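Take this structure, written in structure tokens, and hold onto it; I'll ask about it next.
Residue numbering begins at 1 within each chain, and the chains themselves are lettered A, B, C and D in the order written.
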Amino acid sequence: MLTEKIREIAKKLLEEGKIEAFLCYEGTSHPFRNRAVLVKSPEEVKKLLWPSFGVINLATPLQKLKGQKAGILATGCVSRAIVVLIQEGQLKREDLFVVGVPCPGMLDPSKVRDKAPEIIDVIDDLKDEVLIVTPEDKIKFSREELLRNNCQECRHPVPPLYDLLLDFSGREKSPDPYRRVQEIEDLTLEERWQWFEREVLRRCFRCYACRQACPLCYCPTCFVDDSRPQWVGKTRDLIDTALYHLVRAYHLAGRCVDCGSCEAACPMDIPLRLLTKKLEKEALLAFSFEAGLDPEAPLLFTSFDENDPEDFMLTSELKASGKI
Amino acid sequence: MIPYPARIERTVVETEDGLLKSFYLRLLDEEASREFSHRPGQFAMLSVLGKGECPIGIASAPSEKLLMFTVFRTGLVTDALHRLPEGTIIGLRGPLGNGYPLEKFKGKNVVLIAGGFAVTTLRATLVYLLEHRADYGEITMIYGARNPGLLLYKPELEAWKKRDDLKLYLTIDREAPGWDGLVGFVPQITEQVAPSGENAVALVCGPPIMIKFTLPVLEKCGFKPEDIYLSLENRMRCGLGLCHHCNVGPFLVCKDGPVITLAELKKLPPEY
Amino acid sequence: MFYFLPREALKNWLSEISKVHEVFVPVSPSGFGPYEGKLYLEKKTKLSAKEFFLPWREVILKFEARPGALPSPVFFEPVKERIIFGVRPCDAKGLTLIEKVFGEDPFFQKRREKTILLGLLCKEPGRECFGWAMGVNPFAGEGLDALFLEQAEGYLVKLLSPKGEKLFKDQEAFEKVGEEAQNSFKKAEKEFLEKHPKAPALEKLKEADLLKLYEADFWEGLALPCLNCGICTFLCPTCYCFDVQDEVVGLEGERVRLPEACMFELYSRHASGHNPRRSPVARFRNRFMHKFKYFLDEYGEPLCVGCGRCNEECPAGINLWEVIRAMSTL
Amino acid sequence: MSWEPRIIAFLCNWCSYAGADLAGVSRLRYPPTIRIVRVPCSSRVSPAMILDALKSGADGVLVSGCHPGDCHYLTGNLFARRRFFMLKKLLEFVGLEPERVQFAWVSASEGDVFAKVVSELTEKIKLLGPNTRFRKILGGKI
């Protein structure tokens, strides 16, 4: 159904010459992995499909296609990443033909992986149920359970920017997008550092998959790779690793669209999204700001309000207590 | 991977812009110093502890007492190196790489073509050739820089100019006040000089753009690809053929190079 | 020579030898750790035993961080001999491939010398495994000192080196076994090899023209999804490229050697800013050309043992076999 | 010997640096715990600089700039305020002691405020003790 719709529209766009190529996903020999693919002729569209495991944001490979008029399949987070990239002058709106789809959410390979020792196929009805096919059996699971964390916590399943929106009923907006962030916030300071050290710092071996998968990490030279000054040491030293993850997350403040590519790319299952999700929450609460909704709007850090909060500052604290 | 300690005995700022400085080094360990023998075209890793190591061509000839390196200030290590005063001890690992097969050139005419600061290892070669003058035929050197202030080794150039057993052509890119020598890019001057490829080898060292335009000129002059020697450079870490950073296809610049003939180079992928 | 160890005696034996040696085992699906009672043997681990030989941080020099200080070399020196148990034969084979390049590297060699590698055959090949296609015979146990084959009652152990023989000479938990057991090992090996032949692709790759492969037009399409991250290289049991960094804190300095990935832009970038492999495609191509052409041409074997970790973990869904297929059918 | 914290202070050239100068000229007393880095504007200070200071062994970091409306570049400090707000939230989230990283507005005429800020900050950090959590040790932890 969704796959057919995608193929149909891609074929039409290519035949009509509206686009030179269409960026979407294809299947792989791995039962729960999809891969980005670029098709350039109507004959090739049969490769395309709706990716139940399209965990890497298509806006990441999209940036390799500069200068081509390309069509792209865009869920909410892909579309929002495109918006930010347009805001930041990385993409030209006129180079793109965005085929939006109200997103039903995608499945998490690491959640599926643990359901059976050997999995041959995964059948997703894009609504309620997922069938995991093993050599002996077909096991039924609720789709909600197997959804990626970021899809469970998605605030914008419907793309804010598109040229054409596929007729499909996707997921509702999440009622509780910050549940997991809240769980960490509820810990004590000490527990939070232990969590950070255990779940993030000790696991990370600095493959930079999180950075590479991120559609918004496009700096020609990442601060990690600077040598003069060298902000971050290159080894697995915990503090250097902390510096990397903190500054990376911070660089995404007000930009991150919560596509979860970083977390999905991580080979060590580090809950990277929590860092950026925390920043998303703060930006929403303090500045009513959400990234990637309007290409014309200013970015979080290129704007300010005279009444922005400043009670976090030492001088405010001293003033409140009458010390200055 | 362990460097020898070496003392900076003397430094010379070579160019007007101050970006090129020559370092004259002496190995502290006497035995290491005695055993250190290199051939022109080889390089060494210079290290400033706390900053790192970088590969630099050896600009001194084997016969010279002090090892000499002329370093362009461009990255982390070279920048730190430039700041060090005379007398400081640094690390040196080498000699590394293959160098020019100078024995093979015996009896032949040798043409040295250098552009900019890539002249360093050709200086070592020229000094060697002049010391063994009788073994070689005609020696020609064409050396160009952007302006007179950027020519290296000026006192030596003056001395070489006076020799009648060496044809030295110095050129600068554009007319400059006080310059009465040749004006023009290295490929153009090479075309004018037109050295014969008959029983001759050409050693070319310079920026990629110069090499790109010089090679056709040489081939027109009758140099066979086997007789044109180039020197590659790449980012590298070990200099021993282990870390694999410097590969150009299957060719490891540190171990199989840096010197390579045009004939061999043509068999490699164009990634340099 | 062959020995037998009853299944229930394994943990006991590991504790026993821990008293004399440093013992490392697979402790979780992620990788190896010191033996403290935990043992994960179901599947091969995410990180291979490569990290014991090309560690994440190999200190090669220590120095005082002031101009002119003299460096002091540092060599890895374990207090006790190390035993690594549960190494998969493909991973050990990977070490032998690295050894072809690192044969004279004192750091790698010292670590090899001081380590006894005890292999464990997989019960079943994993979904992404293709070691046999790369010419790896797991029963040969190349690079291992002894190889454990799991059977119904316990482990049949084949000794493969003098180091292995020395270790097992006086291990009471093990009993010597006769010809019958040896035959069962050989039978298992024969069955495996019949079912899993070497891929013809390798011969084709040897004959392929290097420049034609380099210039082939399939690279662009294959590389499109690639993120150019370091997952495949860091998880690979054969990737050996390293970086050297000077680390300084206060007055203390160390020069360290650490793994690096050829997929990174920084890998080949000159100090001047020039980068001969600036484009992501160029870096993607270089990785596979190295494994399946440059290394193959030089050493007669590909730089790959078919462990399948890259296929299993690549978030972008890149499959090594598709790359090999494209390269060998050019 | 009692332990004295080491605090890196990034002071904006136009206000806070002058404020610190005034505190000195006015002979105001404050603990000798700070090492000043003069920056053109508080918005010049990036999180990498703050974390680098902690990593290199600082026990605390202070960033101080002009009051809103007083910025030499008109709005630099207003941008900075948003950024520091977000940074502080992030650092707290991962369990870094929030008292170690502080922000302040100090104008050129507020020598007394500057002295007070440094005294208070020093007290806060003394209560926390040395920065062990975010300090890099060579070959320390992997």
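Things to note:
In this text, a residue touches a chain if its C-beta (ideal position, glycine included) is under 8 Å from a C-beta of that chain, and two chains touch if they have at least 3 such contacts.
Note that the structure is predicted; figures quoted are calculated from it, not measured.
When the C-beta contacts at A-B and at A-C are tallied, the pair with the greater total is A-C. Annotation: 50 Å between the Cα-based centres of subunit B and subunit D.
Centroids of subunit A and subunit D (each the mean of its C-alpha atoms) stand 34 Å apart.
The set of subunit D residues touching two or more other chains comprises 136, 142. Shown for subunit C are the residues that touch two or more other chains, namely 56-57, 243, 245, 247-248, 253. Subunit A has residues 233, 235-237 in contact with two or more other chains.
In terms of inter-chain touching, the protein chains here follow a pattern that is not a line, ring, star or complete graph.
Within the complex, the subunit A residues that touch subunit C are 28-30, 33-38, 55-56, 60-61, 64, 118, 203, 205-209, 211-213, 221, 225, 233-237, 261, 264-268. For subunit B in complex with subunit A, the residues that touch the partner chain are 75-76, 79.
The part of subunit D that touches subunit C in the complex is made up of residues 56-57, 136-139, 142. Residue ranges on subunit C touching subunit B, taken from their complex, read 60-61, 63, 65, 67-71, 73, 101-102, 105-107, 210-211, 214, 240-246, 248, 253, 255, 257, 260, 262, 267-272, 276-277, 282, 286, 289-290, 293-294, 297-298.
The touching residues of subunit B, when paired with subunit C in their complex, are 1-3, 5, 47-54, 74-78, 84, 87-91, 233-235, 237-238, 240-245, 247-250, 267, 269, 271-272.
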